[in-house]
C-alpha cells in the first residue's frame, strides 16, 4: 500500500554544527537504505523549507511507523501521513 | 519541473445524475490525455473523499495552470499546488 | 489494516422530509451490511452533531474508499481518514 | 461512557536518553494497568508520530481526567477528548 | 455529568419570515422544557451572533445527543460539545 | 456582566517539582479568594488537559483583566475570553 | 464598556439589485442612528472586503447584542466581538 | 504606498456561460484600466486556482478599497490585503 | 492613514523579574512618546492576555514599521496589522 | 519562473546582540548578492513583523531552494513559497 508522507524537520537553529552534520549524514544513510529497499519510492524537497514529501510503499501503517521512526531525525520531525488509494487513471499509463 | 497537486472536488450532492455522469466521463477522458502526454506522472485517490493527489511534470506554473483549468471538473475543484525541488536522495535510486 | 474514519454529514436543512427519510433508511441498511461483513468494527456518534467515528478493518485504502463511497449519504459527507498502526499495549489486553 | 482520546506526545528531542527510557517504561507500565483494569479498551498508534488514539470506558469526565493525568508522560502531552454517544448501528453487530 | 455546548445557528438569511417565526417559537418552547426539566442548567448568548453557550447536566453523551437533536433548529446548527470534569475549587464555594 | 474564560496552562514539563508545588498552591489559594468573593461563579476542568472554563461575574473587562492577571499561573496561561449576553430562556428557570 | 466588533457581510453575489440597494440604505440609516446616539464611537472599512471594524461603547454585552442584531444586514453578517479593557497608556493622552 | 492583494474568485460552477463570459470580459477591461493608470503594478495567477496576487500602488487604503470594489467580479471575491513597507534591500537594485 | 494593530506579547514566564520590570518601564515610556506625538490614537487591553489593540495614525506602512519596531518589547511581540479605509458613516458623527 | 516567497524570521528575543548584528549584516550582504544577480526581483517588509515578501525569478524550485537556504538567517526562517503563473493582464502594461 502507498502512503504520501509530509515531513517538516524542526532542527534547533542553535544546534552544534558537528552534531548537525552527524545527524544529517546518518539521516542520508538511513534514507538511502529505505530507497534501495524499495520502501521509499520517491522523495521531493519542499523549496525554502527543511521539509519533504516522501512516497512510501509498505505493507501497512505498522511497518510505515517502524520505518519513519527509524530515521535519525525523527525526534525533530513533524509528520503527516496520507494513506493512498488506487486511482482508475493509473491503469491508463 | 514537478508539482504535487491536491484536488478536492465539491460536486453538489443534488446534481442531475446524467450531468454528473457526463462530467465524470469527460474528466476521465481529459485525465487520460494528460497521463498519456506525460504531464501527469502519477495520480492517487484520497480514500473516503472525492479528492486526489496528482504529480505533474510540466515546464512551469503557467503551463500547469492551463492544464488543470482544462479539466471539465475544474469549476468544482479546490486546488492546492506544491512546487517540488529535487531531493539528493533521488540520485540513490 | 484498521482505519479510524471521522464522518460529518452535511444534509441540507431544507431537504424534502420523505427524501431524507429514504436516505437515512438506505444509509442504515448499508451500514448494517458493513457491520455484519466485519468491515466496520465499531461506530460511535459525536454528540450534538450529525457525525460519527467509524473503525474500519479492511485490506487497504483502495477497499476502504470503495466501501465509504458506497454509502448512500456519501455525496453529503466530509470524511477524514486516519490510518492506524498497532500499539504495543494492545498485546497486554 | 466511552471517550475517544487523541494524544500527541511532545518529548524534547534533546532529552537525556536514560530519562527518556525511564519515562517510556513507566508510561508503558501505567498503560498496562489501565488496559488491564478495563479503563482503556483499545489503543492505536498514529503512524509516523509519537501519538495515539485511545478508547476509554469510564464513568465520567472526572474519572477520565484523573486517569489521563496519572500517565507519566502527561506533562508532555497535548490531549484532545471526544465524548462518544451510542450509535444505533452498534446493536446490529 | 456536565457538558458545555457551543451552538452556532446558520439560518438562511432569505428564509421565509413566517417560517422563521415558527421555528424560533418552537425552539424557545423546547428550550423551556429542557430548562424546566433541569437538563439545561444555564444558557448565554454570544453577543452579535445567533449563537449560545449552554450548560447541560445529563447522564451521558447519548442522552445529550438525543436532547440537542430534539431542538427544532438542530438541522441549522453547528454544535461543539466540551465534556466537563469537576474542578477542586468548586468545593470552596 | 458575565464572561466565560477558557484557560490553558502551559507549565514547562521540566519545571522544578518544588516550584511547581508552590505555584499550584498559590494558584489554588488565589482561586479560592476569587470564588469566595463571588467573582468566579463556576469553574470546570477540561478532562485530559491542564485547562479550565471559568465563569466570571464582574463589572467590566478592566476588572476581569486585573483578576485574571492576579493569578500566580498567569504568566503560563493562554486565555480566551468570551463576553456573555443574557439569553431570554434564563428567565424560564 | 468598549467593544471592538469585526463584521464581515456575506451578501449573495446574485442578490436582486433593488433589494441590495434598499438593504444598504436601511443599513446606513440604522448605522447613522447608532453613531448619533453615541453607541458607535468609530467605524472603519477593511479595504477590499465588505467588512468593517466598529468600536462600540455600551453598558454591557446584552445591550451590544440588541444593537448589532438591530442592523438590517445582521442576517448576512459574520460577527466577532472583542471585549476591551482600559490600557494605562490611555491616561497619557 | 504599495499593497499586495490576494484575490480568490468564487464564481458559482453553475453560472450561465454567457453571463460568465460577460463578467470575465468586463473584469479584464477594468483590470486593463487599472494597469494602464499605474494603480496595478504587477499581477500573477496562482496556478490551478481562479486566484491572483496583485501589487497595487495607491495613495492609501481608502483609494485601494474604491479600486478593488470597482472590479465587476468583486461580489464573488474573497480578498486579503497586505500593506507593504519599504525594505532596505530595495535600494541595492 | 490609520492602521489597527493587534499585539500579543510572548514574554518568557521565567524571565528575571528585574529585567521584566525594566522592559515594562521602557515599553511604557516609549508608548507614552508615541501617544503624545499623535502616532498612537487609541490603545486597549485584551482582557486576560498580555495583548492590546492599538490604533495608529501614520503616513504609511514604512513609518508604521519603524515605530512598532522601536518598542522595547518588539522582539517578544507577535504583531498583526490591519490597514483601515475610511467608512462613509464616519462623516455622520 | 517567478515565485512569491513569504518569510517570517523567528530570531530568539534573548539572542546575543553581537551575534544578532553579525547575522543581520551577513543576511543583508547575501540579500544584496541575490538582488544584484537578478534572482530577487522585489522585496517588501511586512510592517510590524520581522517578515518579508520576496519576488524571485529563477529557473525552477530546485534553484529556488538552494538560494533561500543560502541565506544566513535560514535556520530561523518559516518560509512559504507560492509558485506564480503568468496573468494575461501583464501583457497590457
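Going in written order, the chains are labelled A, B, C, D, E, F, G, H, I and J, and every chain counts its residues from 1.
Going forward, a residue touches a chain if its C-beta (ideal position, glycine included) is under 8 Å from a C-beta of that chain, and two chains touch if they have at least 3 such contacts.
Just so we're clear, the structure is a prediction, and the values are computed from it rather than from any experiment.
Trainee: What are the mutual neighbours of chain B and chain E in this structure?
Mentor: Per touch definition, common to chain B and chain E: C.
Trainee: Scan C-D, G-I or A-J for the interface that duplicates B-C, counting it as a duplicate when over half of the contact pairs agree by residue number.
Mentor: Selected from C-D, G-I or A-J as the counterpart of B-C: A-J.
Trainee: Greatest Cα-centroid separation from chain F: which chain?
Mentor: B
Trainee: Consider the two chain pairs A-J and G-I; indicate the one with the greater count of contacting C-beta pairs.
Mentor: G-I
Trainee: Could you give the separation in Å between the centres of chain C and chain F, each centre being the mean of its C-alpha atoms?
Mentor: 39
Trainee: Need the CA-centroid distance for the pair chain D / chain F, whole Å please.
Mentor: Here the centre of chain F sits 26 Å away from the centre of chain D.
Trainee: Calculate how many whole Å lie between the centre of chain B and the centre of chain I, each centre taken as the average of the chain's C-alpha atoms.
Mentor: Roughly 45 Å separates the two chain centres.
Trainee: By residue number and range, which residues of chain D touch two or more other chains?
Mentor: 3, 45-47, 61-62, 64-65, 81, 83-86
Trainee: Of all possible chain pairs, which ones touch?
Mentor: Listed in label order, the chain pairs in contact are A-B, A-C, A-D, A-J, B-C, B-H, B-J, C-D, C-E, D-E, D-F, E-F, E-G, F-G, F-I, G-H, G-I, H-I, H-J, I-J.
Trainee: Which part of chain F faces chain E closely enough to touch in the complex?
Mentor: So the residues of chain F touching chain E come out as 2, 4, 28, 31-32, 35-36, 40, 42-47, 52-53, 82-90, 92-93.
Trainee: Can you list the residues on chain B that touch chain H in the complex?
Mentor: The contact residues of chain B facing chain H are 3, 5, 12, 61-62, 64-65, 68-69, 75-77, 79-81.
Trainee: Can you check the complex and tell me which residues of chain G touch chain H?
Mentor: The contact residues of chain G facing chain H are 11, 13-14, 45-49.
Trainee: Which chain C residues qualify as touching chain A in the complex?
Mentor: 1, 3, 60-62, 64-65, 81, 83-86
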